[in-house]
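Structure first, then comments.
Note that the chains take the letters A, B, C, D and E in the order they are written out, and that residue 1 is the start of every chain.
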Amino acid sequence: MTDVQQTATGAGARPVDPIAQAVQPRRRRRPRTRNLWANVVPSVVILAIVIAVWEVLVRSLEVRPQVLPPPSRVLEQGWAQRSTILEHAGATLQVTITGFAVSLVVAWIIAVSIDFSPVLRRGVMPLLVASQTIPIIAIAPLMIIWFGFGLLPKMLVVALVTFFPIVVGLVEGFNKTDREVTNLLRSMGGGRVKEFLFVRLPSALPTFFTALRIAITYAVTGAIFAEYVGAQQGLGIYMSVQKNAFRTDLVLAAVLVTAVLSICLYLLTFAIERLVIPWSFKERKARSAK
Amino acid sequence: ACSSDSGSESSAGTTGGSSGSSQPESPTTVRFALDWTPNTNHTGLYVAINKGYFADAGIDVEILPYNNSSPEVLIDAGQAEFGIGFQNQSAVPMAAGADLQSVLAVEQTWTTAISVLASRDDIQSPADLDGLVYGGFGTPAEETTMKAVIQDAGGTGEFESVILGTTAYEALYSGDVDFTVPFIAWEGIEAEHRGVELKNFNYVDYGFPDNYAVIVVGNTTWMQDNPEVAKGFVQAMARGYEDAIADPAGAAAILQEENADVLTDLDFLVESQTMLSEQFMLDDQGQFGRQTQEQWDALGAFLFDSGLLVDADGDPLTEAPDWSQYFTNDYLEG
Amino acid sequence: MPDDVAAGTPRIRLDHLFREFELGGGERRQVIDDISFSVRPGEFVSVIGPSGCGKSTMFNIIAGLETPTSGDVLIDGAVANGEREHTAYMPQKDLLFPWRTIVQNAALGLEVQGTPRKEARRAAAGLFAQFGLKGFEHSFPFELSGGMRQRAALLRTVVQGREILLLDEPFGALDSLTRIEMQTWLQEVWAEHSWTAVLITHDIREAVYLSDRVIVLSARPASVRLDVEVDLPRPRDLSMTTSPEFVRIEEQLIEVLHEESRKAFEAQKALR
Amino acid sequence: MTDVQQTATGAGARPVDPIAQAVQPRRRRRPRTRNLWANVVPSVVILAIVIAVWEVLVRSLEVRPQVLPPPSRVLEQGWAQRSTILEHAGATLQVTITGFAVSLVVAWIIAVSIDFSPVLRRGVMPLLVASQTIPIIAIAPLMIIWFGFGLLPKMLVVALVTFFPIVVGLVEGFNKTDREVTNLLRSMGGGRVKEFLFVRLPSALPTFFTALRIAITYAVTGAIFAEYVGAQQGLGIYMSVQKNAFRTDLVLAAVLVTAVLSICLYLLTFAIERLVIPWSFKERKARSAK
Amino acid sequence: MPDDVAAGTPRIRLDHLFREFELGGGERRQVIDDISFSVRPGEFVSVIGPSGCGKSTMFNIIAGLETPTSGDVLIDGAVANGEREHTAYMPQKDLLFPWRTIVQNAALGLEVQGTPRKEARRAAAGLFAQFGLKGFEHSFPFELSGGMRQRAALLRTVVQGREILLLDEPFGALDSLTRIEMQTWLQEVWAEHSWTAVLITHDIREAVYLSDRVIVLSARPASVRLDVEVDLPRPRDLSMTTSPEFVRIEEQLIEVLHEESRKAFEAQKALR
């Protein structure tokens, strides 16, 4: 029954968010707070154990901090250098955000064009897939040769790393609309453009946000990557320099900051989603409460 | 033809088939970390490989190509036994307690300079570099070094720095950065060949003591544990470099042969090697490879005074280190 | 069969309709094989036939979404192949958009046709009481029960003010109880308006209960196997489903249908 | 109707392969050969145009080959160096395959453990998600410090890059099994282990292959990446060296080889899938033929 | 209501069954509210009730998949709460595994119970002719029509040789035509075996047509609203569905059910 009900509105089928889905047990019946609690506690416990074991092992085996510093030292030294690290993090964030903005614009343009032209779709999609097999690490240095070491090549690297999942998400989202909905709209007198605006676009939004979520975690890493290859500032450069200065502790501190940054951006997408497509949230909530 | 255990006494004329019964069955593997793509700074290594000097010493050399990690980091971590270093660069981690020792001076004097495009009329002295952009390599000492030079020339020492690594020179030629540090005998000649004229500022003209521009660095603990292998290695390498001094053209050809897929322009290699061999590799006594306490002390004092030396926690050193610990001629001579 | 001339111009007339699909590789699949029938203005006709026989294809042709390979659709006597402005179409699944509230969903047709939003929504809201949706204007579809969703979908269909309603298994996804309720309700609202309606269904009882006429299609390629007038008085109520006349028609339909279903099934087996 | 039918067997619902799906129009009714034709031709045409434009532009603007070589030169020089490139490609392939094997083993172990323990799931999954926000570019050099230049650190990088999508795919796949199937199996007398073997495992396989496909394209790039950071052989090191020798043409030739390698592995997964879960293929074919 | 003592020990007896679910946050939802009834050996009982009233929950309790909050399930007179070995269960969706052929699917229950593969499959294959599946042993589920899949699911259920069959809306997903065919067929095979069966359905006609007794449950929390004996002779055929006795029972059920449905609906509305 439920299945029938759910798939009945073809256009509204919920996309699968691999991450969000994997994180949360599928059928939750418990209220939010308790759920959060149950979700957070085990990870924190495991994390604490890992960190404790690391600390103890490193200290007892007297591993040199250049090779592997204890977590306490990472935090301590990272804290001592917090202003420098934050400054670099700011630069990275700028690259991430501008690059991601470019990525979004490009992805939307490609996805919408593809949606309107089946020939383009068949022509472009395989190329986009193939483009993902190109090792960015090899292209990034060339980018610097081509575009200098300003913001541009870094933005391009971020865009290159992130646009693909967004395009796929959008194209897939647009295609959620099944034949029957198209027929319905056409029977009402709507053409391809109206079909797009009234159906394909709104029904693609949940999938779009799922893709956005996946893409944004790549974005920060992509930015750091681009910086590693050549930059004035940024966490990538910072890590590279600190590594050559034998400061593994500071490298790890910067890694931590990167992870925190990514996770924040990841969580931010939920807030934006809630703002843009509140109906999707309401629906999901109602369904899980059943 | 028989040779002793370490093979250090085998003569230059060895024909290769030297498998004395006393020699260990499998040669010891020694890993050597490069600082850059193969170039004339490395000629001795490739000559020694090519001519079997390492094999004679019972050593199998494994070359670790350049990557984003500096050789010092790899050697300190025990992932390489030896590698290329630079006196002014390697001294920094050494002072911070890295497990490193310099065992061979490949180039006796500065072979790098601060370069700008010759066409830049606005830059007449390092002082004019204030506010400009430096294309850097991500090594710990470089910014401080630049700063010291600029200040000595009367500037403030405030400039921007972009870490580009291997792309730095392209960026200089295309004008994306204003100055960087080429090796005169490598990027210097290369620039000339492609028709780019460079203007150089030499360190010694701006208060810097002299510097072994290229050295070979080893892992101290490992060398102490394997003195014979270390000796065999250093001496074989020295022989390679000595051959290059004696016959730059022949050595250049070997360098090319050993790196056929990257090095194609033999004329360029010969020119570079000739310059190195003739101008930079021998000391006052006409000897190769030896380092002196005076030069280490002088450069060390400069580095210490400039506040560049820090301990493992990043705190500035309070007293000057004992530089005699950081280099040795023992493996070369013993 | 009713005589077109005697009864005036039929609202819909299918005139020797054929339809084939190209399957690629030169293959073709014939789906509709010479269908002709008429629907009078204000008449409620049910179409019933084995799964996959071509019912929806026929609907698409009437709705102007597909063109016949040969033959014509005539609306009020004029050839109307490929014309979409005459019919409003209600699919089996409600196809309510989850991002629109019920009133927004109901106004969809008007909005697509270019009516200003406000006006469209006002028009739609006017029918909510009659459709038993009062108070649910600003709910989202997932907040409604299956029957209510189906009513909303019908509202979206009729508010367009088209001459003809095409209902493609509107109650197929409902459970039997809700279905019976919806049938009763539909027959009430239909009595108030003078809609011309064609209904596809798999439910024989539903067909007889609601219709003035029931048309049975053959297995694919679809042709008209039977065209039965249902001469029961209106308004009908549930008790009438047990009347001898009702049962007679039902039995007649079941028999023909089973025969066609069996044919369709044999054809499917032969394919393996 | 179709929708109801398809979702009726909850356990057998087809996973969505974002790539495969995006490449092919959703409802194909035409036979295979023609379809292939229609899919391949547009991409080839577009690719040919791009290459031609590139060639003409580079030649007419007299761009120095160090900056951007014409495609003809890339092919020509790449061909001249084919034996060297192939040798390096062999090394990369070795890293890719051993690393991917490790990844598979680890992913299966994690996914199965998670499937059997909800606590573990809630504890481990968020950590795995967080682990994906760690910039590998920063960790890879540390790996070299820790594990040297051998196969190990490179295998680890490949595994690190690829295990996550596989875990997510598997966990998601295992969870496709809905309550009713579980009830059915339990009513037959099956416990958790039997449920896993009889239902969860087989029903997860299609999703697993989808994930495998996504992961394997990352694998080659991951290997190259690891090599870039430190290796004696492999396409990564080849590209790095050639870039420093200003041989942009050879870098691009190696990029081309990388892409071809990735695409071959990608296509290989289809063959393996067909071998392992023939039913899934048959079903899909039957459905698209409808 | 039949008297247990007079009729011998009932096969199933529900004795003042209650069931609540914890919703977290201290909230509880009562789903089953004091259900008691018995099923005689060989009897066919249908259970009918509004959507979401608790029918499946009751089944799960009988099947031993859930335990009652209070009250007991007695099988052949012995308390059997949480015991799973007495019943075989057939869900609404066929739940055939796409990776198993039909015979492998049919043998699933035996395999899970530990019967060696070959033997299990041989046992299952023996029933194929009777279930109209001869020749489809090595087909995959997607190659079968909806009705055949449902028959395969029933085969998978009965081959386990359990005393009691629990059928949870087995024909809910079929279209009306196929459904009627399946009902006729089920009633034939049931006549040959002496299965004790409980059937959940939404289809009143189906309930009456197949059962010896029909039990109507109230809206949630479910309790027994009505327990009607269907005293029609067997074997029954379709024409019997129009007999006055049949129609009388049907009308009685419809009335009670509509009342309950309305209650359930009101309750839902009140929640908003």
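Assume a residue touches a chain if its C-beta (ideal position, glycine included) is under 8 Å from a C-beta of that chain, and two chains touch if they have at least 3 such contacts.
Protein names from UniProt, one per chain: A, D = ABC transporter permease; C, E = ABC transporter ATP-binding protein.
Keep in mind that this is a model prediction, so the values were computed, not measured.
Peer 1: Which chains does chain C share as contact partners with chain D (ABC transporter permease)?
Peer 2: Neighbours common to chain C and chain D (ABC transporter permease) are A, E.
Peer 1: Touching both chain A (ABC transporter permease) and chain B: give me those chains, sorted by label.
Peer 2: Common neighbours, chain A (ABC transporter permease)/chain B: D.
Peer 1: Which interface, named by its two chains, has the most contact pairs?
Peer 2: Per-pair contact counts point to A-D as the maximum.
Peer 1: Which whole number of Å gives the spacing of the CA centres of chain A (ABC transporter permease) and chain E?
Peer 2: Chain A (ABC transporter permease) and chain E have C-alpha centres separated by 47 Å.
Peer 1: In whole angstrom, how far does the Cα centroid of chain C sit from the Cα centroid of chain E?
Peer 2: 33
Peer 1: Please report how many Å separate the Cα centroid of chain A (ABC transporter permease) from that of chain D (ABC transporter permease), as a whole number.
Peer 2: 18
Peer 1: Using mean CA coordinates as chain centres, what's the gap between chain B and chain E in Å?
Peer 2: About 85 Å, centre to centre.
Peer 1: Where in chain C do residues touch two or more of the other chains?
Peer 2: Answer for chain C, listing residues that touch two or more other chains: 51, 92-93, 143, 172-173, 175.
Peer 1: Scan chain D (ABC transporter permease) for residues touching two or more other chains and write them down.
Peer 2: Touching at least two other chains: 1, 3-4, 8, 10, 66, 141, 145-146, 228, 243.
Peer 1: When you check chain B against every other chain, which residues touch at least two of them?
Peer 2: 68-69, 73, 77, 166, 170
Peer 1: Could you list, by residue number, the parts of chain D (ABC transporter permease) that touch chain E in their complex?
Peer 2: Interface residues on the chain D (ABC transporter permease) side: 1, 4-5, 8-12, 180-181, 183-190, 194, 198-199, 202-203, 205, 277, 279-280, 282-283, 286-287.
Peer 1: Please give the residue numbers of chain D (ABC transporter permease) that touch chain B in the complex, ascending.
Peer 2: Answer in residue numbers: 66, 81, 84, 141, 144-146, 148-149, 228-232, 237-238, 240-247.
Peer 1: Could you please specify the touching residues of chain C with respect to chain E in the complex?
Peer 2: For chain C paired with chain E, touching residues are 50-51, 139, 143, 145, 172, 175-178, 180-181, 202-206, 238-239, 242, 247, 250-251, 254, 257-258, 261, 265, 268, 272.
Peer 1: Sort out for me which residues of chain C touch chain A (ABC transporter permease) in the complex.
Peer 2: Residues in contact with chain A (ABC transporter permease): 60, 63-65, 84-85, 87-89, 91-100, 108-109, 111-113, 140-143, 146, 149, 160, 166, 173, 175.
Peer 1: List the residues on chain B that touch chain D (ABC transporter permease) in their complex, please.
Peer 2: Chain B reaches chain D (ABC transporter permease) through residues 31, 36-37, 62-69, 73-74, 77, 79-80, 166, 170, 261-263.
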